[in-house]
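Below: one structure, written as structure tokens.
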Amino acid sequence: MLSKAIVTRTIAIIIAVIVIAAVAGAAIYMFTRPPMEKPVIRILFASTQLAPPAEQAFMVELLTEFYKETGIDVSFLPFGYVDIANKLEAEIKAGRITVSLVGGLSTEIDFFASKGLLEDLGRFGALGGRTFLEAAIRAVEDHKKIYGITTFVPWMTATFVVVINNKAFDYLPSGLTKDDVVKGTERWTWDAMLAWAKNIYEKTGKRLVGLPAGAGGLLHRLLHGYLYVSYTGYQAQKFNSPEAVQMWGLLKELWRYSHPESTTWSAMADPLLKEDVWLAWDHTARVISALKTSPEKFTVAPVPKGPVGRGYIVVLAGLAIPKGAPNQEEAWKLVEFLTRPSTQARIAERVGFFPVVSEATPAITDPGVKKIAEGVTAQLGARDSIAVAIPPLGGKAGDFIAIYREAFERIVLKGEDIGAVLSGLEPKLKAIFAELKMPEP
Amino acid sequence: MVKIDLEGVSKRFGSVIAVDNVSLSVSSGELFVLLGPSGCGKTTILRIIAGLETPTSGRVYFDGVDVTDMPSGKRGVGMVFQSYAVWPHMKVYDNIALPLRIKKLPQSEIDARVRSAARMLNIENLLERYPFQLSGGEKQRVAVARAIAVEPRVLLMDEPLSNLDALLRVQARAEIKRLQRELKITTIYVTHDQVEAMALADRIAVMNKGRVMQVGTVDEVYNKPLNRFVAHFIGSSMNFVEGTITDRGVDIGFALIPYSSVPDELVGKKVSVGIRPEDIYLEPIQGGVVLKGRVVLIENLASEYIIHIDVSGTLLRAKTKLYPQGEEVRLYIHPSKVHVFDTITENRIHIA
Amino acid sequence: MPSPLRKHIPYILVAPSLAYLAFFISYPIFYTFSLALFGNPSPMVEVMTSPRLGEVALYTTLIIATVIPAQIVIAIFASLFFLNRFRGRELVLYLFIAPLAINEVAAALIWYTMLSSSGFLNKLLINTGVISAPIYFFGYEFIDRTLLAIFLTEVWRATPIVFIIIYAGMQMISRDYLEAADVFGLNLWQKLRYIILPLIKPYIQTALIIRTLFALQVVGPIFILAGEYVRVLATEVVYWYSMRLNPGVASAWALLIGLVTLLLGGLYIKLLRPSAGAT
């Protein structure tokens, strides 16, 4: 047993140590803290994007630089989409607006605009020293047509690309050149891709096309946002049409040259790196690690086109200022900072969202990231492209996706009759849009 | 019934030598007892014979056939474990019957054997019980019944009575003796209780520290212990006195035990002299040596007395039916009942 | 003299646990029930008439009915093996139970990497000239072999827990019981059948219940090894909850898992009632 005296003494020593440490800490802080300056301006930046901890940390880093440059102290607040919508609406109604800048997907901003929650950014004039990409400008123009105002400034983008192992260029089918593929010319079609895959299979005996058809894979995006749009011009409108039947025929054929393990892959980075596949379609974020690891092995290309055009999904994030927001001038300075080519390059390198200004890509130093950025730029800049956005279906999104995936499973994997499957599923698809009272995209 | 021979059997467990170069011969039909203090290697020898343990060196023979490497189950032994090892999830009947079923005996034969073994051990009324419903004594009988029902060539028992209370123990050992006489199975019985050993044994092997000290009939180990250890271990605890051999006998300081023919080479040897309490008399005997002493203490055991006597400073214990009259007593010892051991080797010195 | 307060003290004392049970156990269960049963159409009815039900029943049964018996058998033989004392026993024992420390998803990834067409096994076999083209275990076309891979992964990963339970049970068996069996001529198989198995019945029962409980909840490994094309009860719960955003149907599947678990648990208890004397 410890004697009472020893216990008391031990406690006394511990308390003394704590007190000394606290005093010393306070003293050190007093001497080393930054000197008080003129009152800083604080603004709130709410965003639905870059919420994961690592991405948030990067934003804090970036905004610290912004603070050093301008003296504007920005608090970055990641929010859910619904929360931001509610917050903005409540604040504007109450006339006490706290948020100066909002970051979100173009579809989300569309919703804010439709509720009349946004300022017209037209009055701030143009941002110099940067050229926004075709697809980004088009999205802003689309909003302008509907709401009559400039609702947002493009911020960053993500999309799906085709990643090619350079070895595959030795097996190009006749009539297709590497240049066609990289630049996304008229000849870079889904049929050409099929011919290429077939050629590779015949020469090597291997099925080297990779599709993310695993449990967490984004195969459904390929279906509704790429193939359907390229063949029918729409994501859902012509779900059951002769053009759609033609498209499914192509996919069935392409599947014959696709790696059988595709149904277990949720991201293509790994199969690309292991050279399980040579031609892979996937989201930029899901191939980036392969390109960062071995940039010299791969080429990034825009997606192929179909009979109607080069359908693709663009995920575009933009920056908007809420109606009546405080410190709007400062918010605009932040917009300028975030869309600056150098900032855009760093965003691409650190969080895998790609630039929306063409000057940014050359500024990217990581060769793998740069390659993807080039592919994204080529795709977003292509003239024949039909950019679509993922329809904002809320709680019905899962059902929407499931219809395309079921069609894939039954037509491609199980070999059921295309017409029968599409006819069977069409009413379900129509029901979703009917229920939401939305036009079919 | 078989004859069992152990030839130079040793068993080591790591650095412990549990059995040290033991050679034994157990005759057919004999009840042979391994006796010795706890930890002397009795169980290990039994397990080697049973085939549960392989000796580090040496051989085991059953009727001249080397069984050292024969699996236990093939040796035809029946064994009663110290813990009984009655299988807890089976009724008594099944405990006895299982070894027979394994042998694929016909059902009628199994039933007959189980019932006959049960009758012999007087447990017929317990056949439908589970072991947890039995007392220690009943479990012990079940274990014995199971062992004899297989009609073994050899019956091995490892301290089967040590978990019973004293009264039951006396009764049970008589039953075991009767059973063994009836069945005439070669039996090796392990115990640390010398009374039990003497009550049961045809022959006893007295063991110490892995070695066999002496093998013999009860009379032999009692009357002619080959060394001090055996003398001490068998019978009620012996009086030991230091002494020296002279040409006329053994000088124990306060007396001389006379011997007529002392070999010259033994003269002057230091010896331990052992005298059993029951060999010290309070009334004169023919040819006895007389000692004078003073009574210090009397233990009354009802049928007899243990009397502690001071003989010129040495304490001796005598066991007698006579109650001593007065403090001063005379003691009588016969030289033929005196055991003489070499002080250094502790081996018996034959002297007459 | 007992005061009225004293009479109520026991109720006051159990009140917190009752509140706890009500809030953390009863409420979620009833909530799940109501989610699963009520609605238009009732999710439970939807599930019971869904074309996926047959497929789910088939794969769930196939996996449970192969994995768990294999695990019990392996665990029993491994326990017998480890009861022997031999050199390096501890090391082998640790290696054998090491997969316990590995997360189920990580375990699935290990096996995926090992068995995939460009994985370790195929590389080894090709480099040593045993085969010339890779053997496929994964992908929709090879779903039967995928089931084998799921079997191997589950057995590898979860047998140690079964082993530990059964090994503990076997260590409880007094050595004398087994030695008595040796003396009376029981061979290894007979010892197993007449002595060991009856004595470890309660442990087998525990292992069965625990394993069935957990096997019915495996999701990650199946998604990794089979994509979404091997559909079992648990993957349906995840699929309907997080991919279809339909908590009702997810709850209905979850309820089915509960039901199946309850049913199998009852069955185990009935079939493996310990013999009267075995303690």
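Labels A, B and C are assigned to the chains in the order they are written; within every chain, residues are numbered from 1.
Everything below uses one rule, namely that a contact is a pair of C-beta atoms (placed from the backbone, for glycine too) under 8 Å apart; a residue touches a chain by one contact, two chains touch by 3 or more.
Since the model is a prediction, treat every value here as computed from it, not as a measurement.
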Requested in this report: Determine, using the mean of C-alpha atoms as each chain's centre, which chain is farthest from subunit C.
Outcome: B
Requested in this report: By CA centroids, point me to the most central chain in this structure.
Outcome: C
Query raised in the report: Can you give the whole-Å distance between the Cα centres of subunit A and subunit C?
Result: 39
Report summary line: Per the C-alpha centroid definition, the whole-Å distance linking subunit A and subunit B comes out as 91
Requested in this report: Go ahead and note the Å separation of the Cα centroids belonging to subunit B and subunit C.
Outcome: 56
Query - For subunit C, residues that touch 2 or more chains besides their own - result: none
**Report entry** Two or more partner chains touched - positions in subunit B
**Finding:** none
Report task. Can you check the complex and tell me which residues of subunit C touch subunit A? Result -> 112, 116-118, 133, 136, 138-142, 223-229, 235, 243-246
**Report entry** subunit B partner contacts - residues on subunit C that touch it in the complex
**Finding:** 174, 176-177, 179-187, 190, 194-195, 198-199, 274-279
Query - subunit C partner contacts - residues on subunit B that touch it in the complex - result: 50-52, 71-74, 77-79, 81, 83, 85, 87-91, 98-99, 102-103, 130-132, 146, 150
Query raised in the report: Considering the complex alone, what residue numbers of subunit A touch subunit C?
Result: 205, 213-217, 259-265, 274-276, 395-399, 401-402, 405, 409, 413
